[in-house]
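Okay, got some structures for you below.
Consider the two complexes below, in which chain A is the common component and chain B and chain C are the respective partners.
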Partner chain A sequence: MSFITRGFSGRSRERDDRLPPGQTLVSDFPVLSAGPTPEIDTADWEFTIRTESGMHSWNWDEFMALKIDDVDTDIHCVTHWSKLGTRWRGVSLDTLFEDVETEYDYVMAHSYGGYTTNVPLDELLDGKAWVAFEFDGEPLDPEHGGPARLLVPHLYFWKSAKWVRGLVMMDQDEPGFWEQNGYHIHGDPWKEERYW
Partner chain B sequence: MSDATTAQVTALGAALRAVPRSGWHVATVADAHRETPNASRLELDVDGWPGNAAGQHLDVRLTAPDGYTATRSYSIASSGSSSRVVLAVDKLPDGEVSPFLVDEVRAGDMLEVHGPLGAFFVWAPAAETGDMRPVQLIAGGSGVVPLFAMARAHAAADDTTPFRLLYSVRTPDDVYFADELDDLAEASAPLRLDLVYTRRTPDGWPTAPGRITREALEAAVVPAAERPRVYVCGSTGFVELVADWLVGLGHDPRSIRTERYGGT
Partner chain C sequence: MQHVDGNAIAGPLAEFFAFDVTTATARCIGCGNVAELARAMVYMSAAGTVVRCGSCDQVLATIVESGDRAWIGFSGVSAIEVRRG
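Our next item is the complex of A and B:
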């Protein structure tokens, strides 16, 4: 279903191929959060991966000693904005999962402040996801998820959990916070998997 | 429906079944008029609209003759089972969609809308939720739209939960829903309304215009000790400031729900 809107011409005719359907390019960095921004001191920060058999954890210093990647990527928010060529630094999930043994295929990301989001494990590995702590050459702002956020740029940005504190392996997929509150269980921007 | 979606819906609790499923609909503009010098109120008759909860939003998609489309999200100022859906759209200076909606759209025009959307930034009467805690609404500018929907739903339900709205706005001319808000303040389930003017006040106003301060916020919101549910909607700067202050004043972060507008 689609029809021409009387009188609407729009602004831009140059469709950038990097822009998924229904998205608009922005130059600023809008914020989407469901509640107050938590304050997390890196001295208290800890990141954990919990599996069916145990727990792996890193404090800030241990985390910073891991192999750090430079990531240049486009990001797409379900609220119709995209940013192209954003620059991040962070630790690849491949690095974090190097010594993690699990039979489970699904992940629930948990954040300081209580936010959760679900992602299949195979969508976090093979260079597809990071725990990022730097944006555009600066430490990540708290309102954008600092000190560290998940970065899963091939999915809508609500999957890139701000203030991430850990991942819990699950034997079956379960909806996280926004996935229970109206957003799609998977969230591929190229398929416009926005809502239920 | 895909298997994943089926599984997801099955996994959701009873609380969410109250929220209608979203989908694309054809909306016919029943009325369009200026709400403020910079905003218009659009009343839409939406074919097949399933109704919506107070606080939800929808996507509007516009299509140009050559097939170019632009989609934006707008909060809904109305709620309930009606297929008459009310929006109030603020014109952004460099916007692509909002100037069209505010200046060009007239009665009889047709738009595509997708919704209703969002199941978190919503309010339902205590009779449905059992939640009797007081409610504090805090709006910056056009962020009042979903909060107005909540205040009106509260009055329509004769809900006895204490309801209070703190509304920060540039000038008296910029107040959205000014008459309706006055009526709500007189309703049998009254809304307590506090206005903050940032640029110009009405004549005889007791305080000079200016941005809201922490002290003014503290004086105008339900105290943390009463454990209010708080809904904050406005620009990112406004929401960040207010939410930080609320936490500092002892409000439980889990009781503060935020929504921001921004972008194009």
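Our next item is the complex of A and C:
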């Protein structure tokens, strides 16, 4: 039996149930990077999905002509910060995969600058991931991954690859950049899948 | 040929790494450049430290730290030269 009731503890002292374990709320937007910030002109930008049978690609104009979603979501960085209620605009991976046929179940995201990260395909579909180009009503800053980044908010934010340039389908799960170097192959913040 | 477990390299590695490793020269697998690690470009963030080749930007090494655990990767280095004595 507990003697602490909501009335005594006060709501402000309760842990926000939107925060995964080990996370702290921030109001700013920390920048984490593994190298120099690529400056990609949208005139040169291209996004591709490569499968076992071929390649699908979109230039910026073709990409912007796709169905665009407004996304309101919480994000969680493995370095223990979380940001609640962030607002993005982007193209759902469901839209991008509409005409893509593949038997493979795993995806490697590739970025301008060479970064990679792996995500199972079923964790990118059904409204779980986007290629986002706008944050908080503004075009995405290069330091936050602009012109476009992957947004996979239910996984730790290193999976939301900045400067994303394409997805490559894989028949088995392979570790991306951070996953090869100490971070968890999957990265679920609610299970605290931070490291190997 | 038989193999032994990793404990066998504890002695050699203690010898190699019981000094300032940044004075060692490393060969980049990207461009073949050989340079002291101290000349590399190091990007430090809360997620980890990324060491890149000063010539071609290739990732040479990474360091991820979390409390009492640390991961040190040399994914972009073909060899490190350590001068003895």
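Heads up, the rule we're going with is that the second predicted complex is superposed on the first by the 184 of 196 C-alpha atoms of A that agree within 3 Å, B and C clash if a C-alpha of one lies under 4 Å from a C-alpha of the other, contacts with A are read in each partner's own complex, and residues count from 1 in each chain.
Everything that follows uses one rule, which is that a contact is a pair of C-beta atoms (placed from the backbone, for glycine too) under 8 Å apart; a residue touches a chain by one contact, two chains touch by 3 or more.
Since the model is a prediction, treat every value here as computed from it, not as a measurement.
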item	value
First, second, both or neither for A:F133, with chain B first and chain C second	neither
Chain B versus chain C as contact partner of A:P38, first or second or both or neither	first
Contact breadth on chain A, by residue count: chain C or chain B	B
Partner chain(s) touched by A:F97 [first = chain B, second = chain C, both, neither]	neither
Which of chain B and chain C A:W158 touches, first, second, both or neither	second
First, second, both or neither for A:G182, with chain B first and chain C second	both
Partner chain in contact with A:T79 - chain B first, chain C second, else both or neither	both
Touching partner for A:Y112 - first (chain B), second (chain C), both, neither	neither
Touched partner set for A:W58, first chain B, second chain C, both or neither	neither
Which of chain B and chain C A:V26 touches, first, second, both or neither	first
Chain A positions touched by chain B in one structure and by chain C in the second	30-36, 79, 114, 177-178, 180-182, 195-196
Residues on chain B engaged by chain A in the complex (per definition of touch)	4-5, 7-9, 11-13, 16, 19, 21-22, 24, 26, 59, 61-66, 68-73, 96, 100, 104-105, 109-112, 114, 117-121, 236, 240, 243-244, 246-247, 253-254, 256-258, 260, 262-264
Complex contact set, residues of chain A against chain B	1-13, 15, 22, 24, 26, 28, 30-38, 79-81, 113-114, 143, 173-175, 177-182, 184-186, 195-196
Interfacial residue positions of chain C with respect to chain A in the complex	43, 45-48, 50, 52, 57, 59, 62, 64, 66, 69, 71, 73, 75
Residue ranges of chain A in contact with chain C within the complex	30-36, 77-79, 114, 158, 177-178, 180-183, 194-196
